[in-house]
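What follows is a set of structures to go through.
In the two assemblies presented below, chain A is common to both, partnered first by chain B and then by chain C.
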Partner chain A sequence: MSHRLPAPARARLSYARLQQRFAPYVFVSPFFLLFLVFGLFPLLFSLFLAFHLWSPLDGLGHWKFVGFENFALALDRQDQFWTTLKNTVWIGLLAGVPQHLAALPLAFLIHQSLRRYQSTLSTVLFLPYITNAVAIAIVFATLYSERLGLLNYLRGLVGLDPVRWLGDPSMVPYSVAAVVFWRYLGWNVVLYLSGLQAISEDVYEAATVDGAGKWQQFWYITLPLLRPMMFYAFTLTIVGNMQLFEEPFMLLGDGGGSSGAGLTTAMHIFNTAFRDLDMGYASAMSWLLFLAIFALSMVNNVLFSRGGER
Partner chain B sequence: MNKGLVSVLAAALLLGQAHAQEKVTLTVAVFPSLDSSIKAILPAWQKKYPNVTINMQAQQYADHHNAMTTALATGQGLPDVMAIEVGYVAKFAEGQGLEDLNKAPYNAAAAKKLFTPFTIAQATSSDGRFIAMPTDIGPGTFFYRKDVLDKAGVNPVNMQRSWESYIAAGKTIKAKTGAYLVNTAASVYGIIIRTNLKPGEGIYFDKGNNLLVGPDNARFVRAFTLSKQIRDAGLDAKVGEWTNEWYDAFKKGTVATQFSGAWLQGALQNWMAPDTKGLWRVQNLPERSFASWGGTFYGIPSKAKNKGWAWEFIKFMTMNQSAQIAAFEDNGAFPALVSAQKDKVFSEPVDFLGGQKARVLWRDAAAKTQPIDVNKYDSVADQIVQTELTNVLEKGKDIKQALSDARAQILRRAR
Partner chain C sequence: MTSTPVRAAPAVARPRRPLRGWRRLPLWLLMGLVCSLSVVPFYLMFVWASQPSAEVFAFPPHLWFGPAFDDNLRGLLQVTDGKALRHFWNSLYLALVATATTLFFCSLAGYAFAMYNFRGQRALFAFILATMLIPPLVMDIPSFLVMNNVLGWVGEPRALWVPGMANAFGIFLMRQYIASALPRELIEAARIDGATEFGIYRRVVLPLIRPILATLGVVTFVGAWNNFKGALIMKLSEPDTMTLPLSLRRLGGGATNVNVDWGAIMMLVVITVIPLVIVFLFASRQVISGLTSGAVKD
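Now for the complex of A and B:
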């Protein structure tokens, strides 16, 4: 074909041509620059630090290579890292499991029967999610207060002894988990609602014609078709709960409360880095936490892919 | 040229530059309520140095220290003057980012004698660098509710004699009035581990960085044992500090005594329990032990832009008697400067404490407080031992076992 343009001479590499060629890169560059500075660099830096002993007060460059010592330290059975990981998983389960057990039927109920109030209900349920963590901590610290709190006041009315919600180490995980449950329930309901809306009405109509009841519809239609959304919601819960920080930190302070029963791994990492100024050890633990989250997500993945349709 | 001449010349140069009439903005990074102290003193500074504007950057306690840590790590965004609270001063001293005030042109050696001695040790690194000037201190005493003790028929002097007599009095108070002895058993532990230290010992480590925590250390065993006795006898209210229950206990007198720095008087009077005016008294800690609660310092980052003026500012804030008195009157920041402690306001009675001349008592306690060696792993040790203490108090863990577990954990972390 002779329509092809002749190859441009070097001299014709004009401004317009340059612009045409490089403008797209310039336009997409903000993301990459930001990612390099705030994403990739900290990631690599923390990997670097994980193999070093470094106090930030010594300034950049004054790090000492220690090999795998930081990892060995964390993996030692007696170290606090294990205790905090146990705390995290336990609080995560206490908050996460009921969250989904409640969110799914709640979303189904709203979708099926309360559709008129759907937007109002979603907003109400979603509110805790966007509420400031400090405000939440103040309100719950007041509710949980041993002598002045509403919860113990109510227990008193029915003749029960006061409970030290935030003082008794065996109660602390439940108290924290309740806040986490309350805070993220709405988020999950909204996720499930959007999943339910994606299911075609035709399927339900067909099922109704075939004589399936509400329960059968839920069990044989809703649940299987909601699998992708459930997978997504579970993954988010696992990732979020394993990184739990705000709620226990605000309720219990940096020590994690009595006996450190509410000390999560993320809090422990924060303390190690910014209070004890042991950046290398904190970085090593961050990577171990990352591996733990990765492993749990994989378990979730396997559980969900079993049975095929995803 | 000899060394003395060099430092004189350097000082002259620095001051020459500092006193030039150009406009200077000095950045001072602080936390509350130190900013309030500085504001009380600023007019005097502006009068003396009208060409130097103070740009105060106040952040909350933890945010401030995190920001300063990051700034020191990267050498970016450092202020000219950095306020440092006693909880951070040891860590900052071990780092390399702050000026050594022993050296020229600061030559703080002579100035050091002017301050309450234990504060100098707190701001000195293990290799002898002096990195920050003290401004206020928290001499420790114990506050008690006179009305509660009177009702129980307990003579406060008896509570001072020994920890055992303190606990015995607590049992009487509980039986006669129903009031608890102390907010939490852990606060008794907190004092015992801070007192009766041998020279060269810190709370958790000695001068040679040897860990002191363990089942064979009498100080820790005693601290754990007495705390446990108090908990087992039901004498502590199990109330943490800075909680609503704590304030409520102050208001209602449900807790008879509170160990604290002198600053608690100001807090009680201003916001915690103003209605209890006249009901409180203070006295020295049991067994004539002395400890300090809190304290604030000023340091100069090595990469600061206006080091000359920074030093002038620090001297003005810390070594100027009237400035120290102004801060004391503004928010109860107890002067670290010994000569300021001799001011006549110190012999005035404190209305809130029923006219007791408490400031003399605090001054005396400050003078008797021994220097305690600090270690950069103190915060690591502190958290681990505190956790083991709650294991003993809450879960009935064996004391010796708890201390040897704590020892093993700290040894692993303090590298």
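Now for the complex of A and C:
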């Protein structure tokens, strides 16, 4: 009280305090400003549109309220939405299941026996993940070419008939899934590798002392302790594969190839919104797809938490 | 009782003996196969980019480099009306601006969440994390409408980089790193020396978080460089605004047609992929460890 600071010093001090108190708010504010304009508003707008009939050509304000009609239309089993959802799930399974079945043992082998080369192997396996989807789709389209592609050439060498990789509707899901598998296998290996690294050596040592063999160690130690990482990796796969767009769009064109066998829901929504300009219906479908993704994630969640109670 | 460490008796040999010598051969073969599956498409795009256009679809297919690398470069300039370089620059500009702004805003926010105590901190951070749950797909249509009917940014590169400048993933990554790598005492010391709050961020924090800046930088660069759907929706499709993915689609989209200049297309494929590979090889360890550190919870 008695020894007060001289006025200029006091002013500086309080300015410093003031600065210190408000700095964090200023520092985090860009996110919230951007979210308001490019996140929250669009989100609410999209929800609003889902209940309206509207084309952007009509201009703002000229929307017609249709209630749940958009949703009802999409949920009608005759509608293309169902077909595309089936396509998406089927391609997603064809790419996703083998991806994890291959990535986990690969990561385990690298971690067990090739640890010295781990970062080199990770780099090589990770390359497809960072590639441009459009560029790689063109390369694969070339490989898949019916008469002149490398794949059918190789089949010919061993006396097999050529396959219409991108022409036969029953082959299309496999051809698209193969590209997705190729792109994300390394990503999953890397995820599992980092999960394996987090498991302490001591656990394995203790198990060996107790006489557990390699397989037992894998089943009773590695798999359970890897559970959180598996949950994370599965979730990413589900969320990603359900929104599959670029690979089929580039391999097959925006119609999804012959009979639309490669038409995913994301492509269908894109076409409805930006080609047919039916924004309300497209918004409703995007919310339904969101619900589907959410539901699948919940199933994944439940499967994992139930298994964990053992 | 519960925390008694059980150590293996010293007499027990190191338990897990890795395979050695020839017994590792099957393992090496498997890894060789998997790695070549990863690399072969890259190899092939270089082979095809060096073959005369008519030979890209030769039968049997070429598996070795040809003499037409510069022919295809010229062919590419021709089929793009000399705009191929322009498209490359558009992509580079977009990726660099996106990277610079993302690094700035995310590190600033991450720093605030890691090193300050402020009212509402936890709630704000939780909110940011929660926004990661919104699938990007739901945002496509309304973002286009905001850009088209409200801001008038359709056809402009900023429609692609502005919305992502301060994003949840980047802020989370930065916060985790700064909280674990920077001591609070350092900030206090700078404060006592009279540095301003922003000055501390710029001169103390930024130089010390270079590793994680590299991680987020590469991820952002790659993401912006590869952004196809965004460019498609925001109509970066004029000859002068087109980015490489759209340029590629214009040339090589749809069914495989033998009558187009495939050598030129493969050249564009190579041009699109090379910067990615360079940027990634430059920092792959950093990127991989940085990306997965966010995934493993401590």
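Annotations
In the analysis below, the second predicted complex is superposed on the first by the 283 of 310 C-alpha atoms of A that agree within 3 Å, B and C clash if a C-alpha of one lies under 4 Å from a C-alpha of the other, contacts with A are read in each partner's own complex, and residues count from 1 in each chain.
The rule is simple: contacts are C-beta pairs under 8 Å (C-beta built on N, C-alpha and C of every residue); 3 or more make two chains touch, one makes a residue touch a chain.
If you're wondering where the values come from, they're calculated on a predicted model, not measured in any experiment.
Contacts of A:L109 after superposition: chain C is touched, whereas chain B is not reached. Which of chain B and chain C touches more residues of chain A is settled by the count: it is C. With both structures placed on the common chain, the touch criterion links A:S55 to chain B but leaves chain C unconnected. Applying the stated contact rule after C-alpha superposition, one finds that A:D79 touches chain B and leaves chain C untouched.
In the superposed model, A:F274 makes contact with both chain B and chain C. Within the superposed three-chain model, A:V134 lies in touch with chain C and out of touch with chain B [touch as defined at top]. Within the superposed three-chain model, A:S145 lies in touch with chain B and with chain C [touch as defined at top].
Shared-chain residue A:S14: touches no atom of chain B or chain C. Annotation: chain A residues 56, 59-60, 141-142, 145, 147-148, 274 touch chain B in one complex and chain C in the other.
Interface residues of chain A, counted against chain C in their complex, comprise 16, 19-21, 23-25, 27-28, 30-32, 34-35, 37-39, 41-43, 45-46, 49, 56, 59-60, 106, 109-110, 112-115, 119, 121-128, 130-136, 138-145, 147-150, 153, 166, 182, 185-186, 190-191, 193-195, 198, 204-206, 208-209, 228-229, 232, 239, 242-243, 245-246, 250, 253, 266, 269-270, 273-274, 279, 282-283, 286-287, 289-290, 293. Contact residues of chain C toward chain A in the complex are 6, 8-9, 12, 15-16, 18-19, 24, 27, 30-31, 34-35, 37-39, 41-42, 44-45, 48, 56-61, 105, 108-109, 111-113, 116, 118, 121, 124, 128, 131, 134-146, 148-149, 162-163, 165-168, 171, 191, 194, 196-198, 201, 222, 225-226, 228-229, 232-233, 244-245, 248-249, 252-256, 258, 262, 265-266, 269, 272-273, 276-277, 280-281, 284-285, 288-289, 291-293, 295-297.
Against chain A, in their complex, chain B makes its touches with residues 66, 69-70, 72-75, 91-92, 94-97, 238-240, 243-245, 248, 376-377, 379-380, 383-384, 386-387, 390-391, 394-395, 405, 408-409, 412-413, 415.
Interface residues of chain A, counted against chain B in their complex, comprise 53, 55-60, 62, 69, 73, 76, 78-80, 141-142, 145-148, 164, 167-169, 255, 258-260, 271, 274-278, 281.
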